[in-house]
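You will see two complexes here that share chain A, one where it goes with chain B and one where it goes with chain C.
The block that comes next holds the complex of A and B.
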């Protein structure tokens, strides 16, 4: 009636580190592949001058994308970052004459507060973040137009923000240094505190996170605050380069920022991803924007190539084993 | 000829051999049971049969022909269908729409639903299982059991795709059903046997012996034996599953310590909410209180309310005499309350996160030094609990979603223990989906916690479990507490006594 077969003892609770998968490095690999391709297309591309120029352009995008990544990791989206950055350039340009050096922290603080307000609206009124920030985008744009008088606000004495436009060691733009430091700060803060667990749990499964006592609401509002502060910092970088603020100055950065996040391999559905990935993603997006014309791609094809490469890059970088539903 | 045969199927996952050369035979018109501990490979095997898992090695034969199943549609073409444990119906569609979904056939003409045809097609399916569910009822208005019937009706549509009797697979269909619903399901299964073969999985061995003709036992990814159910007893089956004789005292009654209550640990007065009114209850330190009741009794919501996860409109909650407010789950955690939800996969754990992260999610302090995570401290802590609860996981940073159900549940339980500060545990069906061994371990753990002074509220999986574990039982119906039954060791009531109180 029954047969017996010798069986092995159960698997022991082994201890150690799960082998890091190749997918973790995919954003870097995509970046390297892109640089290689551009260099092959035009050997002159790999000069210090064009790299420096690309990096300088990338800095505000890196900061914007890094901040918004936190919101995406929590399972939401922040569509207001570009409009908030535009508004912040206006505030900064208006405040520098009075506040001088204090204008920078003031602008970042105000942007963070605007982020908190949006986060609170999302959490307390239970409105999807997509809608809240879509509304926010519209309101902030309008406010920027009103405050600026619908025109560019010149910064006459730019001594207080000029430092961002300097070069470290002659090559590395200061703004890029700051952007990388911001990314590193966020990454380290997540890693060494329970925040990483809280953010991922909230993003992967909000109900499970809540039933484990995770402060889900605070985590989300915090993510919006960081996203706002980063938009403020991006605005400071823009003003330091253009010596002025404008009500639509950063508006065209929204889609590149979202593209940077997904190209980095952060799941738009939440949970899986990191700010480092968005840094790599922002570099890929910028290199495409700056690089394609440099290597002589006709402008008609530029958009096609840009779109195609973004889609391929996401296919490469998204770790499908970590993300069950792809929407 | 055999309806279905599996030969030497092998499936590796990183760090585990889920299937290690398993063999299986399903004969025409029989109900085959599949028994085995958590992680024995039952679900993996069944998923391979419907093309959801690609085996590394081995053969699947349908009526003697080797086949390659790449997906669910492939399997359906061969007459194999599965009723999924995580219900796969779309809630805001009608039962009829759900039944034809994915294989609309004549119900869609020129891209437009033809409701009459659809209704007729659906009715045909429902008639097959003799169900009187209205095909035009919205799925989310049906009860859990009714939805399961709809799923079975849906699966039966595979009959139209092949000329042969179908094979219907049910993976743990009873774990979320109540005893009456289980009876209906079993009647259904017996009816199915007339024209199909059925593969049935359950951790309740009496059920397996009741409804199956034959049982194949899996252990460590292999088939280790076969039992004809006529005349077999659960113990024998259990012995084959684990390869040795299990302990006699399933509920560890001898480890129960008498409750000495001066002041209740938890004291609730007049608690009201959406689905419960005026609930009074007391639990002493070290006491296990079970709440029993049918669907709609409101006991689940009372539990959630005590964890701050369900709003209340009136009432007072005291812990150790001090009045507390529970506006959020976080407040409840801080008050030393722990909660194990019934829906483990969606609410109990975060599947993509590691065992270690899941275990420390609620008690971050236990793995931190100051505000910072201390990796060493976390490793030691997590490893200690992995060992203590003998959680079978390849590594501590393996994603919890990859463990078997029993091991997942142990991690979820450990979540409240790592802090060492839990005073009240709310357990909503803590043994759902667990094998006997794992269940027994959970019971032992509950006893241990009780004797260390933790108060427990238990929503048991069955009346037997409630009686076996509880010191006292509350009966709830329609949102009110209707009876209280003392349940001391040595003076346990019978299930019948309880049922009398429940009506």
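The block that comes next holds the complex of A and C.
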């Protein structure tokens, strides 16, 4: 990331405010436009069944992106979420026979602890977060390979994670409900406690936040803990859908998750953004993914699209006044 | 240490196999070193290598089409690497996207392009020259090892004697000073990324020669291994320190370590884990002396 950050606090002129209000709605506009476009391309798309299916695919992505958003809001990045989720699916699949219903909270707890470890390494050793989590990604994948013996671990008795496959009121998948509740919980928790201002202060200007007495280090470690816990929860959702855990099962969710965060409009430089935006971003990314085959584009373009989206969205949301030198 | 633990490790054959196995990593690391010297980072190696591997395997004699461009195909693959590299560079200087994000995106684009070219059927190469690279030996080492040595030499000459190499160092050391003294750094940044892309392109060609087929996953893991090797060799991720020769030593160290661990009986699956620990530890060791000064770390 950027190494040198101007210490002046961000000044938001009136014009800037107008612009932020507009960009705030951008993900929602994109979402509406996508749904409209897909409905025109395929009238069957706007039926309850296909919408439910799309929402179910989106659930793990929403949770992953929401957790990592906190880290991005603090000005860092967590590249290990997908690898951590993969490792968690392996743990969950291995632990369900012994722990039963306790396996789910255990996995989420372990994932949160791994998040704390990475956060502590980042804060205490003063290593840039993307290096810590890049190293973490490599380490976690290796652990997942060794623990699982590089193969898929089947879940024979899936009664303990089956509840995620139920439908609320017959229509809304339980996993989607859980994802939305998690996002709401994080958002409310930020709102009613001083955490909101701590997190954005850390993201906007870390030195100023430190001087003002914000517990910057704890906030950052906390953000990594939430990010880890969310990766664990996403893993539970994946296992409930696939009835197995695998050492690379969630690895292809990293790019969509990062794309969801930046498409939602959370600035990669920190401070500006919210978890709700990432929810919208995750829905946009999912719709793009399910939408490509509908429009008749081969799914190989998916990767190209993610790459382009990430670069363009980061360029659009970047707070250019804040960063003098981009590395 | 490994020599003491495993008699097999001491053999001449093993030394030879370490050097041969290090060839591709050495080329990729050579490219990434220049980017790291500037203080940027490059995560695009995997995608670029995948795209160039597919390109070269479809352009030389193969089982998918009638192309037989031979050497020209290799040149095209390397140029494709250049194109991807300059894409990262332009995203960095024009769009001001931080390099790790830009290169993450470019890597995805590269993998996507590779998947498109793969089209479900694996192209097996039958080009005798490219196949001979991995098999034929000259003075005991495979041609690939000699190509890697040549790349290191070229990299070192560029780093030492050209403006590009000198400025890459200076950008990493003190970009503000360089800008204030009237140097236009932006073209050099793009040039460095382009240059690095050429090395990844060549790396992809070399992997294709080893495997005898073009695979989308040709570059899997090389991006991170290359960063590990460069960091172990003493190139700082903050820039301004290190060099191609440092990295070459780092490559050998990493290869000796992974080869040694396998010989001692550690599961090869741990390789990525060991690399992760090394990177974090090496970066931490480099940062600790100035820990009190840098209060802001993103």
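Just so it is clear, the second predicted complex is superposed on the first by the 274 of 327 C-alpha atoms of A that agree within 3 Å, B and C clash if a C-alpha of one lies under 4 Å from a C-alpha of the other, contacts with A are read in each partner's own complex, and residues count from 1 in each chain.
Note that contacts are C-beta pairs under 8 Å (C-beta built on N, C-alpha and C of every residue); 3 or more make two chains touch, one makes a residue touch a chain.
Since this is a predicted model, take the numbers as computed values, not measurements.
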item	value
First (chain B), second (chain C), both or neither touched by A:311	second
Contacts of A:200 with chain B and chain C, given as first, second, both or neither	first
Contacts of A:185 with chain B and chain C, given as first, second, both or neither	neither
Which superposed partner A:271 touches (first chain B, second chain C, both, neither)	first
Touched partner set for A:145, first chain B, second chain C, both or neither	second
Per-residue touch tally on chain A - higher for chain B or for chain C	C
Partner chain in contact with A:210 - chain B first, chain C second, else both or neither	both
Doubly contacted chain A residues - partners chain C and chain B	1-5, 207, 210, 323-324
Chain A to chain C touching residues, read off their complex	1-5, 75-77, 121-122, 125-132, 134-139, 141-143, 145-146, 150, 206-207, 210, 255, 258, 268, 270, 298, 300-312, 314-315, 318, 320, 323-327
Residues on chain B engaged by chain A in the complex (per definition of touch)	15-16, 217, 219-220, 222, 224-228, 240, 243, 307, 309, 329-330, 332-334, 339, 341, 346-354, 357, 360-362, 364, 367-368, 371-373, 379, 383, 386-387, 390-398, 415
Chain B-facing residues of chain A, complex	1-5, 7-8, 10-11, 13-18, 191-194, 196-197, 200-201, 204-205, 207-215, 271-272, 322-324
Residue numbers on chain C that touch chain A, as the complex places them	38-41, 43, 47, 91-93, 95-102, 104-113, 115-116, 175-176, 224, 227, 237-239, 267, 269-277, 279-280, 283-284, 287-288, 291, 294-298
